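In what follows, chain A forms one complex with chain B and a second complex with chain C.
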Partner chain A sequence: MATTKLGFIVQRPPYKSENPKLALTHAIATQSVEVYLNEGDMVTADIAFIGDGVLNCKKDQKAMDYYGLTSTDQHIKMALLVDINIWVCKEDLEKFGLSEDDLVLDAEEFGADMTVNVVPYSEISKKMEEMNHLLFF
Partner chain B sequence: MKLAVFVSDYRMTVDTLDRLSPEKMGIILVQNGVYHATLKENGTPSSILNKSAEFYALKEDLETRGLDTSMVDSKVKVITLGELVDLMFNDYEKTAWI
Partner chain C sequence: MGKLTIGCFASLVGSLNLDFAVKLSAAAIEKGHTVDLWVSGNGTMLSIKDQRPFKDYSHLEKPLKELMAKGLTVTACEACAEARGYNKDVTMEGFKRHSMDWYLASTFDADRVLHIGGE
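Here is the complex of A and B:
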């Protein structure tokens, strides 16, 4: 019996590349791998947004209205719905003149209990050390 | 030469824009280029906005990223895709995408 912890680190802004969305969809997909694991084994996924990656968390994205794409903030809400921990680097957010008020922080409308956590980079760094595997996007 | 330059990245890896010196230049911020119009890293607007040019940012790409037009720097005019087409046909002779 073992738990494998995956840490997805998103460091690029949304939309120009698929990278941030791949991080989110892969993290969400970890919820469905149980069928391939031995009984008692688990895989967990946590996501951290750092650097330009914090821009993914901006609320009120209208990608569906203009381009027919599921917006990145909706993917973040889906990740919260499946109980994935999400951290956003406080220093990088402040560097861009943004605050928590500018971010998608919860998915209450979908019944999610989890919320996005804005934390100092030192805390994200500690979490990264706890992970078995780190995947950078 | 009247040149319209599309800037579609926030982090620029080439210095081509610095080397261009047309008689008239329009810098059109699209895709992730729209962050130049809105973000002030450590309180400082993007250095692109210091260039001698007319600046435009695409409304659709701003709002796709959750950026309100009220966040846009006063040097930059917000335009729609339709207005962009008019701009390309009426105001500039050539376009470049960097």
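Here is the complex of A and C:
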């Protein structure tokens, strides 16, 4: 029995590229990874939004209304629903004049227990040191 | 010998990221390592067969087939490919198609994971 920890680091803003969405969809795919592994083995994904990537966490995005596409905040809610740890860099958020009040912080409406954590970069850096592999998006 | 898992999300045409990923795969296989190459997003363009080798555009079908013959496992994200109309009929022989969890599973026993970004 073993666990491989993947750290997904999202640095790019939403909708300018596919990267943030791919980070989220790949991370969510950890939910079905067991079908390829031996019993007891696991792959986990934690996601950190830093730099321009913090903009992905803005709440009430309207991508569905305007483009008919699932918005990034909805993907974040799905990630919370499947118990993925999500960290947002506090300092980078402040650089955009944003606060926790501007972010999607939970997915209570779907029954998710997890919440988005706004933390200093030093804490994200510490968490990433615990990962086996880092994937930058 | 080790195992290398490479994920690449960049398109075949537009950057040299896929060229780099394939060259890196070749170098690793040459040294006796095992390589899993995963393409997702626009990177799934790599899976299309009958690439015409113009000199102005990257064309990786030939080296890719040679590498597959040497043991390279190359897999495309099925949903990403289908979303772009790259269906099974236009996929080159030997190119696998799976859901995203295949990539994550490949990282499980990889000695190194290299993620080469998208556009």
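As a convention for this text, the second predicted complex is superposed on the first by the 137 of 137 C-alpha atoms of A that agree within 3 Å, B and C clash if a C-alpha of one lies under 4 Å from a C-alpha of the other, contacts with A are read in each partner's own complex, and residues count from 1 in each chain.
As a working rule, a contact is a pair of C-beta atoms (placed from the backbone, for glycine too) under 8 Å apart; a residue touches a chain by one contact, two chains touch by 3 or more.
From a predicted model like this one, the values you see are computed outputs, not experimental measurements.
With chain A as the common reference for superposition, the partners chain B and chain C occupy compatible, non-clashing space.
In the superposition on chain A, A:F110 makes contact with neither chain B nor chain C.
Once the two complexes are laid over each other on the shared chain, residue contacts for A:E18 go to chain C alone; chain B is not touched. In the superposition on chain A, A:L55 contacts chain B only, with no contact to chain C.
Look at A:A63: by the touch rule set out above, it reaches chain B but stays clear of chain C.
Superposing both complexes on chain A places the Cα centres of chain B and chain C at an angle of 90° as seen from the Cα centre of chain A, in steps of 10.
Here chain B and chain C sit at a least CA-CA distance of 13 Å once the structures share a frame through chain A.
Taken in their complex, chain A has these residues touching chain B: 13-16, 52, 55, 58-63, 65-67, 71, 73, 95-97, 102.
The part of chain C that touches chain A in the complex is made up of residues 7, 9, 40-42, 99-105, 107-110, 112-113, 115, 117-119. Residues 8-11, 31-32, 35, 39-43, 60-61, 63-68 of chain B are the ones that touch chain A when the two sit in their complex. On chain A, the positions that touch chain C within their shared complex are 2, 4, 6, 17-19, 22, 25-26, 29-33, 35-37, 41, 43, 45, 132-137.
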